[in-house]
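Before we start, here is the structure in question, set down as structure tokens.
Per-chain numbering from 1; labels A, B, C and D assigned in written order.
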Amino acid sequence: MIAVIRQSATTDQLDHFVAWVEAKGLKTNVSQGEDETIVGLIGDVSRIDPFLLESMDIVERVQRVSEPFKKANRKFHPEDTVIECRGVKIGGGNFQVMAGPCSVEGKNLIEIARACQKAGATMIRGGAFKPRTSPYSNQGMGERGLDLLVEVRKELGMPIVTEIMDARDIELFVDREIDVMQVGARNMQNFTLLKELGRTDTPILLKRGMAATIDEWLMSAEYIMSEGNDKVMLCERGIRTFETRTRNTFDLNAIPVLHHLTHLPIVADPSHATGYTRYVAPMALAATAAGADALEIEVHDDPSNAWSDGGQALTPSMFADTMRRVGLIRDAVTQEVR
Amino acid sequence: MIAVIRQSATTDQLDHFVAWVEAKGLKTNVSQGEDETIVGLIGDVSRIDPFLLESMDIVERVQRVSEPFKKANRKFHPEDTVIECRGVKIGGGNFQVMAGPCSVEGKNLIEIARACQKAGATMIRGGAFKPRTSPYSNQGMGERGLDLLVEVRKELGMPIVTEIMDARDIELFVDREIDVMQVGARNMQNFTLLKELGRTDTPILLKRGMAATIDEWLMSAEYIMSEGNDKVMLCERGIRTFETRTRNTFDLNAIPVLHHLTHLPIVADPSHATGYTRYVAPMALAATAAGADALEIEVHDDPSNAWSDGGQALTPSMFADTMRRVGLIRDAVTQEVR
Amino acid sequence: MIAVIRQSATTDQLDHFVAWVEAKGLKTNVSQGEDETIVGLIGDVSRIDPFLLESMDIVERVQRVSEPFKKANRKFHPEDTVIECRGVKIGGGNFQVMAGPCSVEGKNLIEIARACQKAGATMIRGGAFKPRTSPYSNQGMGERGLDLLVEVRKELGMPIVTEIMDARDIELFVDREIDVMQVGARNMQNFTLLKELGRTDTPILLKRGMAATIDEWLMSAEYIMSEGNDKVMLCERGIRTFETRTRNTFDLNAIPVLHHLTHLPIVADPSHATGYTRYVAPMALAATAAGADALEIEVHDDPSNAWSDGGQALTPSMFADTMRRVGLIRDAVTQEVR
Amino acid sequence: MIAVIRQSATTDQLDHFVAWVEAKGLKTNVSQGEDETIVGLIGDVSRIDPFLLESMDIVERVQRVSEPFKKANRKFHPEDTVIECRGVKIGGGNFQVMAGPCSVEGKNLIEIARACQKAGATMIRGGAFKPRTSPYSNQGMGERGLDLLVEVRKELGMPIVTEIMDARDIELFVDREIDVMQVGARNMQNFTLLKELGRTDTPILLKRGMAATIDEWLMSAEYIMSEGNDKVMLCERGIRTFETRTRNTFDLNAIPVLHHLTHLPIVADPSHATGYTRYVAPMALAATAAGADALEIEVHDDPSNAWSDGGQALTPSMFADTMRRVGLIRDAVTQEVR
């Protein structure tokens, strides 16, 4: 961490500042410039709040120089992490597609899942516990929904992905050997939940919060990893901006940025990121071209009667068409070009 | 809810659409314009997802016309709600100031609280359970922190406000008769937590999420109220924007907007909304002038050694100065002007 | 346009409102619902300010139902517009790549342009008039820069694209038969400039403003078109959000949304949209996969000594590599999948 | 400027980097930390593009330490600037209110202005040249509007404020001795216009762009000042965020932040910042409490027939009421509190 000291600071003030920093167990490196003096803070800077420094009278600006995420940081772990879910690998060159309905609704799940598998999906998604903006909306099937997913897995032999909203439900998920537990955008900074997921051995799909910076998102991954669970996938699903023609703004820049900063696999969700069926296919292609390790796509056999998010679901036939195109893009991305 | 139908829609398509809506138990009102046909959807529209409608081929645009929040809506409850916390009233003309340290740290709490009380604060705040962006930061004193707050309350006779992060802790809070349970910005859409708080009888201070619209925020209040707890205060604490000179952007517009839309009391937190000690006082005045029913301000006797957020804390003497100015503004706001 | 009337409105108030609307030359269609009354405003609603309606006491909400852009609207012009620049076609299935340095700097222009052409670029870009955030930064070569571009065009036979910042310079551009005049993000709502460009016959590349909604952007295209110049291309170059790991947030969703709303060709600029050389290639691929009709990419032979934006420039060899990958993606996008 | 060098950089790479910086005429100060090496760049860093540095392989992060604005910077000009407009002073403790219609429409101007003056306004505002999102909206009276403003000034003896959109119109404004030339939000980075305004001697009211950071806004002030015109006022009028319940988000934090960073006077415009008549008064009070040096408020005698922005205009009687309240707040702000 670097603190830029105001020109107006006296030598006494600077000495006092240096002493204060050193009392926190850090070393300092003072470098006098023409216009400013710069104090480098060396050691475990996680003990220092940069906002506190910036509020000090003699401090002009503060710059963090090392990232606060460690276990998620590619610097300390240069190799891509490959996560294996019941034999299906994600990351490090392995590309997968998770598909299925927004909500698990009942018997149609197996039909939808079968159609997804036929079209090339390698994992099945479906929500049993549903976070809904309105208390008056359907809140999901709960435990019974998990059981339906397990039946589908048994029948089709595909790993299943489903959202967990409450630490008290972890046992329900672990008992059923749910293959991937998804943390939704609204819970990205539910630190209690993250810590407890970190004590399980199940792969976690961590969605980006609607206003989360990439750094905060990686810190949330760090919460899980710091408790011992290294199997974290990051899922870009759109951020909130001023644009209202789409439900969210799909930040595809995040894909190459994350590949630069972290070794964890990156998933992209064009369904939530656009909010409209008609934009899902082109954005699935774009995410694949940008280098996503996996896609998560909502598919429903009867979108206009879906319990939730029918407006962004593909029908099985649209999904099959999209998968063919995704395959072509994936081939183009992985082809040698010289 | 209104659906605008594309000009290109055939009569058959329109009839099919109307039949589909009516099958959901709603009535329709079709109105043919020169350029567009408008279908009004009448009845319980919470059963219809507007994104689903918009994704239909013949639908151009959808507009919700009634707000989805009911219990929080001023239309159905025109009188201001007044919330009483151990004899201290907020809302409906009653103005209060909650002050204290970001984190409860130990013995200094009583000294800080005493200074706040002397300066005019009427409620004491302090965090025992701390949501921190980094897993490596101090996570708060937990239960022992609650006990320290209870001791302060006993000694000074002031109600206490403290954050709850996990539904499993509710018992700890209720057993100690915590006067106000605060829900942090990151948990504003932790629906599990909201529902369980709705089953208590304790006043709730609901902070706005960093990317939450005013409507979503009111829907989160609705989650609490729909379970039976009507004592909800809304706290504006800044939203996330592109501006980086302050920690957040203080959306003071939200104060008169909320007074227009809801009967619930509005609290403003200039400490988090700015992030810098030097901006807290002017923004406390601005929030008071905009019509806030209460302020929440961080005060620490030794900010440079605070466990958290020292960079935005006022010292007791700065707080006393701010309180004098807030008092003058409050007098100006409530004075008759004719 | 639709106005939703409050339940509390009296019949007199409603009658008064309807009379006021009709006095503006519009017709009305009143439809009484259970909870609300809806007034449809029929006719030339461009005479009515929706914010004015919303501020009226009896009006709850206002919804515009027809888009305010007409000439740019796909509804009234279903076929893709194809723009021809000195024989090179953009749109309607024709895909092009514009490449070259951020600033025209002198003799190296021809070398860079030659390398771009060899790698497959079909148009040359370069800035002669440069909008710079700081008055102390290099402001471009001006007229001499235009001449250098013209020389390059003569030598290589490729159309040239360059930015215009001031209506008084139009003559300089028209005299030299500049093939495409680019309007920068900061001038997207410089309505004076837009109108005068609308009176020329030169194709215009209209960049999206940093905080412009898609609708506002189309209204700016409409400004140009309403004066008679239909040759407008829209260029997505990133919007401003809270994310700071990239210079801007590349809103690739805008590509399919624009294809839905307008018949105009869509260009994507991954250089400005990311701000970092290392992210340009993946985002060029993503934009191509999302359906862009053209790319605009910055290339420099010696980025670390470029006058401007060297941090986002590709070297000629990186550009050649990117072009090979873009070609593969373009093939995948246009391939029949059944 | 500081460059943080990656741990992985070799000594050769570092030496090469240092040589490159020094070849640009800067000095360097290399400081080896445990985890990172930091290179301080000393001298005229405006020659270096921070994005270019960050794109270099061995560079981890770059931090600007001195602000790029010089003439606008309080560091180099600690005293408040006081701007005098025909005898009316703004800044340095002088508080003013500019009021009048959005658009100059004709004869009603004098009536509105007289009512504003009676209520306490000290300057008259009105738009003759109007930037409108739609080419089909009324574009203002132009030159004739300026003449009407001049007549009002003659009659009432008050300075006048009006918007300039095109550098070619400067003569029209200067010939009429317009007292304050306003630059609208959409032109905040119309650098051509800014530079030419910098060559006049007329006070400039520079509105903040909808997506402009405070630093960019100050750089635009710098554009004007660098050409010799020091009389710049900065006007906060709301920024664009995701919130749609108001037209813009009023960033009142900007007021104390600007007072910290610059010596220039700060104006606040609650009319555009909210967009709705009903929120103007509370936000005018809030801006005054936050420390604004002036307010700009839209007043119209018949808002429902105003040419533009009637939805955010106060009637003369609402304005008179607001002025009384503003006066009380201003008294409270300037009162000694000890």
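Criterion: contacts are C-beta pairs under 8 Å (C-beta built on N, C-alpha and C of every residue); 3 or more make two chains touch, one makes a residue touch a chain.
Keep in mind that this is a model prediction, so the values were computed, not measured.
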item: Touching both chain A and chain D (chains); value: B, C
item: Distance-maximising chain from chain B - centres being C-alpha averages; value: C
item: Pair of chains joined by more contacts [C-beta pairs], A-C or B-C; value: A-C
item: Distance from the mean Cα position of chain C to that of chain A, given in whole angstrom; value: 31
item: Whole-Å gap separating chain C and chain D, where each centre is the average of the chain's CA atoms; value: 26
item: Centre-of-Cα separation between chain C and chain B, whole angstrom; value: 38
item: Residues of chain C engaged with two or more neighbouring chains; value: 211, 239-242, 244, 278
item: Touch list for chain B against partner chain C, complex; value: 2, 4, 7, 29, 31, 33-36, 38, 40, 42-43, 60-61, 63, 65-66, 75, 240-242, 244
item: List of chain B residues in touch with chain D within their complex; value: 211, 213-215, 239, 241-246, 249-257, 260-261, 273-274, 278-279, 282-283, 285-291, 321, 324-325, 328-329, 331-333, 335, 337-338
item: Residue ranges of chain A touching chain B (in the complex, touch as defined); value: 20, 46, 49-56, 68, 131-137, 165-168, 186-187, 189-192, 195, 209-211, 216, 219, 222-223, 226-227, 239-240, 247, 275-278, 303-304, 306, 308-312
